[in-house]
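Two complexes are shown next, each including subunit A; its partner changes from subunit B in the first to subunit C in the second.
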Partner chain A sequence: MADTALATQALPGTGGTAGTPGTAGAPGRAESRRGGSPLSWFGMPVLLAVILGGTYLWVSSLELDTIEQRTLNVEQLTRSTIEHLHLTAVSTAIVIVLAIPLGVLLSRPFARPVVPAVLGIANIGQGVPSFGLITIVILWTSLGFWPMIIGLVACSTLPILRNTMVGLEQVDRTAVKASRGMGMSPLQVLLKVELPLAFPVMIAGIRTALIINVGTAALGTFFGQGGLGFIIYNGITLNRTPVLVTGVVLVSALALLIDYLAGALGRLLAPRGL
Partner chain B sequence: MTFAEYLTRNYDNLLELGLEHLNLVLISMGIALAVGLPLGIVAHRNGFLRNPILAGAGFFLTLPSLALFSIFIPVLGIGAPPAIAALSLYALLPIVSNTVTGLASVSPAVVKASQGMGMTGFQRLLRVELPLAWPVILTGIRVSTQVVIGIAAIAALVGGPGLGTEIFRGLRSQGNASAPNLVYGGTLGVIVLALLLDAAFVLIRRLTTSRGIR
Partner chain C sequence: MTTTETMAQPGPTAAGAKPMIELVGLTKRFPGTAEAAVDGLTLTVNEGEITVLVGPSGCGKTTSMELINRLIEPTSGQILIDGEDMTHTNPDELRRHIGYVIQETGLLPHRTIAQNVGTVPGLLGWDKARIAARVDELLEMVGMDPATYRGRYPKELSGGQRQRVGVARALAADPPVMLMDEPFGAIDPITRERLQNEFLRLQQQVRKTIIFVTHDIDEALKMGDRIAVLRNQSHIAQYDTPENLLTSPADDYVSDFIGAGASLKRLNLSRVRDIEMATDAPTASLSTPVAEVRAVLLASTWTSLLLLDATGRPARWVNSRDLARAEKGTALTELGLPVEAIVEPHATLADALDELIASNVGCTVVVDGTGAYQGVVDLETIMTVVRTVRDEYERFHLAQKLAQQPADGQVR
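Then we have the complex of A and B:
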C-alpha cells in the first residue's frame, strides 16, 4: 500500500497548466523501485487476510436465515467470483492488445497530426459515465457476455490509450537522439530505448485498466452477467446487511489484490536501471 | 418517438435530474475539499504522515464504485447520503495529492524570504504557499470533479438520485421503444454536465489565481 505514495507522479494534470485532466479510475503509479520496504511487499496481503478473515468470522458467527443462506453459500460465492474474474480478465486482455499498440502507433511521428484529436476525444470520453456507455452497448446489441465485454473495453480503452501516449511522450528526447546517433534504426530505438523507458507508465496503464475493469465488472449483475455485484445487489434488495457486506468485502478485496499483484509484477519486471 | 421529441417532452424532467446530479457532485466535492485540503497540507508539512495519507486516499479510488456506494447503505439508508459519502471518498486522492505536489513546487527561496519577513508558519501557508500552489490544487479539484460526475451516475443503481436514474429506467424498460431515449438522455445529460463544470473551472481559475502568477 505504501507504493500509492508515488501516485502523484503518475497523476496527469498535476502540472498546473490547463493541461489534460487525469485518468478516471485508480491512481496510476510509476513504480521504479525494485526493492522497497517490507511494508510495501507484505502490507497489502496482511491487510487483505485480516479483512477477509474478520468478515468470515463475523458472518459465520451469525445465524443466517434461509434468504441469506441462498446467497451466502460457498457455491454461489465461488460462482460469482469466477464470473467476476472472467469479465475482468477477458476485458483487460482485449484492452491491452488494443490500446497499447494503438498508443505506440499514435506516438510515431507520422501520426502527429491526429494526436490532438485523439487526446481531445479521450478527454471528453472521460465525462461519459461507464454505466451509460455499457447500457448503450447493450441496447445496440443484446444482453450477453460479449456485449458486456464490449462495454467494459469501451470504458477502459481511452484511459489506457492516453497513458501509453503520455508515457512515450515523456521519454527523454535526448536519449532518442543519442540512440539514433549511435546508428539505431527508428524501430530499434522504439524497441530498445523508448518502450523500456516508458515501461513504468505503461504498467501503470495496465494496472489502471485492471482496476477500472474489476470495478465496472461489478455492474455486470445489472446486465444479467452476474459477478460479485450480484451478491451486493441481493444484499440491498433483500435488505440483508450480512449479504451486502460480504459482497462489498469480496469485490473490494479482489480489486485490492489485483492492484497489488499488478504493482508487484511491475516492480519485478521493470527494466534494470530505471 | 424520436430522440428530439423525447428531449422536448422530457426537458424539465432531465433538467431536474441534472440539478439533482449537480447537487450530489457539489455537496460531495465540498466535503472532499473540506477534508482533502487540510489532509494535503498536513501531508506536505509532515513527512512521516505523507505516505500513509496518500496511500489512504488512493485506497478508496481502488475500491469498485458499487461496493463503496453500497457499504454506506446499512448505516445511512437508501438515497442521497450513501452516494455523497462514497463520492466524497472518491474525490479525495486528486485533491490531496495535488495539494502536496503544489505545495512542494513552491520555491524554497520564496519560503525562506517569507520567513525572513517574520511571517509565522500559518501566515506563510495562507499568504505565500497556498496562493502559489493554487493552480495545481485547482487542477486536482477539477480532475476530482470530472471523476465524481461520471461515477455519480452509478448512485441510481443503489437507489440514489441524479441522471443515473434515467439510464437505469431505460435499462429496465429494455425492449420498449422508448428505452434508448431514456438511456441517451441520461448519458448525454452527464456529458453535458461534465463539459459545463469543466468550463466553469476555466472561469474559477481566472478568478481565483493570484494576480502575480496569472
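Then we have the complex of A and C:
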C-alpha cells in the first residue's frame, strides 16, 4: 500500500493531476533526534532492496519478447536512470541556491511588504500542474534540457522557500535577542544562530523539493529529455506490463532512496542539542 | 509637575561614588505611536552598585534597559558609560562590553554550555585556551562543576541552572556594566530566592555596575542598592535607597506600588548582626547539676533557661517546672522544649521574626557560623529596631523638608 501511495506521489504525470504532497510548512517532518531506532535507520534500505530484488526476480522469470527487451536491458535502464538523476540533481541544486537565499531575504523585517507577492508567485509554481507548467515554459522557450530544468525549478521552489521562512520564523526570539545583546552582528546572528536553528525545518523543505523533482522529472520523456518516464511511457504505449511495472518501481525506489538519503544526511548534520 | 518629572533627578549620590552609567534625557518614540515609550529618562548609576528599575508592566522599564545597550536605538538623549558618550558608537562593539542577562536566558540551544559561556570572548577574538580557562572559572563561580556541565546542552539543564549559565555568560568578558532583565522572573520561588542570594554574594566579589529590571517590588528591595520606581513612559517617581523608599515614599504612587506591609518589608533590610540582641538570657550547660541550673534561672528575670550542649550549641528550653521534674530524676535532655527557632547573624530581621512566630517559645536564638550560641532576639528587640528606624527617618526628612522650603518657593 505504501507502494501505491508513492506511485501517485512520484508520478504526477501518470497519476493525472500533479500530486503535490504535503509540502511546505511542515516542520513536523523535521528530524529532531540524531539517535533513533535501528528501524528508522535501516528499515528503508531493506524495504527498497526487497522491492527491487523482487521486481528483478519477477522480470527475470518472464520470457521477454523483443519489444520488451528493447527497453528492459541494462544499458537502457542505466541511461534512463542517469538522465533522471541528472534532471533531479541539477534542478534541485538550482532550487536550493535560489530559494534559500530568497527565503532568508524574505524573512528579514525590511522584506515584509513583498512577502505575499513572492509567496503568491511560488504558489503558482506549485499549484499549476507540473505538466502544464513545463509545457508553458517550453512553448515560451524551446525544447531542451534547460527549459525542462526551469520547469522543474518552478515546481519545487515553494517548499524550500516556505520552509526556510518558517524555519527562520520559529527560531526562539530570545536566543536571537540574547545574541544581539551580546554583540553579534546581524550577519553573525544569521549564520551562527538562526540558520543552525532553522536547519531541521529547512532540510524538510529540501526533501520535499527533491521528491517533487524526482517525480516531475518522469515527465522529461515527453519533452525529449529521457529519464525513467521513458520506460513507463513505453510500457503504456506498447502495452507491456513488465516494462510499465519496472519503470514505476524504479521511479518509486529512486524517490524513496533519495528522500531517505536526504533525511539521513539531515539527521547527521542537524545541530546537536535541539 | 512635568518639569519636575523630566528634569534631572540626580537621586542620592553617596559620597565618593563614581557615576558609571549616565542617562541624559533618553527618549524613545516608536513610529506610529503618539506617546513616547520612554520619555526623557535621566538617571545616574554609580559604579559597583545594583540599580533596580521597578514598575508595573508597560511602564517602559525593559525598553529603557534596551536603550542602554542600544538594542533599541534612542530617538534622542545621551548614554554615557564611564564618562564616554556611547550614543553613536558601533552598537555591536558596545554590547560586547556590556553583560546582558534576560528572563528566558536566551541560551543558544545548539551550543554547549561551554560554547554559550564563551560567546562574547569568542566575538572579542580571545584564543581558545584562554576562553576554555575562563569558562571553567565562571562555571565554578556560579556553582556548577565545569567537568560535569561544560559539554552539556541547555535543554539538559534545569531552569535554575540555565539562569546560572546565563549569568556566567554575561560575566564572561568581565564587562564593567551588566544589564539584567527580570533574570529570576521565570523561576520557582525557592530557586529564585537561592539564585538571588547567590547572585548578591557573587556581586560582593565582582562589584559590577548593574541595572536590574523587575516588576517585583520585593525583589527590587532585596537586590537594589538603589531603586528607581517608574511610572508610565519611564518617568521616575522616586530614585532612592530601599530604606528611604520604605520609610518615606515620595507620593501615593510609590507607596501604592510598595504596597501594604512597608514596615514588614523594612525588616528585610536589617540584619540580625546589625541590631543589639539580648545576651542576658540565662544559659547553662547540659552537664551542669540541676540545682545549679535552677539557681541560674532564679537569678534571672526570665521564665525559661536555655540549655547548651558540650560544644556550646543551643539544645533545649526548660522552665522551673521542668527543672522540678529533673530533680526527680528525669534527664535534662528529655525535658522542656527543643530549640527550633535558630538564625545566623546574617539573617534578616524578617527571617528572625518568622522563626519567632513559628516557634513555641517567644524568642529566636542567634548562633554563629559553627552553631554556637550568641544571643536571642525577641519581639521586643524587633519592635525597638522598627521604632528607632522610623523615628530617625521621620526626623531626617522633616529637617530636609524644612531646608528645602525656600528653594521650592523660588521655583514657583
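Criterion: the second predicted complex is superposed on the first by the 240 of 274 C-alpha atoms of A that agree within 3 Å, B and C clash if a C-alpha of one lies under 4 Å from a C-alpha of the other, contacts with A are read in each partner's own complex, and residues count from 1 in each chain.
Rule of thumb we're sticking to: contacts are C-beta pairs under 8 Å (C-beta built on N, C-alpha and C of every residue); 3 or more make two chains touch, one makes a residue touch a chain.
The structure displayed is predicted, hence computed values, not measured ones.
K.L.:
Figure out whether A:Pro196 sits in contact with subunit B (first) or subunit C (second), or with both, or with neither.
P.N.:
second
K.L.:
On subunit A, which partner's contacts cover more residues, subunit B's or subunit C's?
P.N.:
Result: the larger residue contact count on subunit A belongs to B.
K.L.:
In the superposed arrangement, does A:Pro159 touch subunit B (first), subunit C (second), both or neither?
P.N.:
A:Pro159: touches no partner chain.
K.L.:
Under the stated touch criterion, which partner chain does A:Gly132 make contact with: subunit B (first), subunit C (second), both, or neither?
P.N.:
first
K.L.:
Would you sort A:Gly205 into first (subunit B), second (subunit C), both or neither based on which partner it touches?
P.N.:
neither
K.L.:
Taking the superposition as given, does A:Arg180 touch the first partner, subunit B, the second, subunit C, both, or neither?
P.N.:
Only subunit C; A:Arg180 stays clear of subunit B.
K.L.:
Is A:Val214 contacted by the first partner subunit B, the second partner subunit C, both or neither?
P.N.:
It touches subunit B, and subunit C stays clear.
K.L.:
Kindly classify A:Gly226 by the partners it touches after superposition: subunit B alone (first), subunit C alone (second), both, or neither?
P.N.:
Touch partners of A:Gly226: none, neither subunit B nor subunit C.
K.L.:
Could you list, by residue number, the parts of subunit B that touch subunit A in their complex?
P.N.:
Contacts found on subunit B: 50-51, 54-55, 57-59, 61-67, 70-71, 73-74, 78, 93-94, 97-98, 100-102, 105, 135-136, 139-140, 142-143, 146-147, 149-154, 156-159, 163-164, 167-168, 170-171, 174, 179-180, 183-184, 186-187, 190-191, 193-195, 198, 202, 205.
K.L.:
Spell out the residues on subunit C that touch subunit A in their complex, using ranges where they run on.
P.N.:
Residues 69, 71, 92-97, 100, 102, 104-112, 119-120, 123, 153-155, 169, 179.
K.L.:
Going by the contact rule at the top, pick out the subunit A residues touching subunit C in the complex.
P.N.:
Residues 172, 174-175, 177-185, 188, 192-193, 196-197, 271-274.
K.L.:
Considering only the defined contacts, which subunit A positions touch subunit B in the complex?
P.N.:
Touching subunit B from subunit A are residues 1-5, 7-8, 11, 13-19, 21-22, 24-27, 124, 126-133, 135-136, 138-139, 143, 211, 214-219, 222-223, 229, 232-233, 235-236, 241, 244-245, 247-248, 251-252, 255-256, 259.
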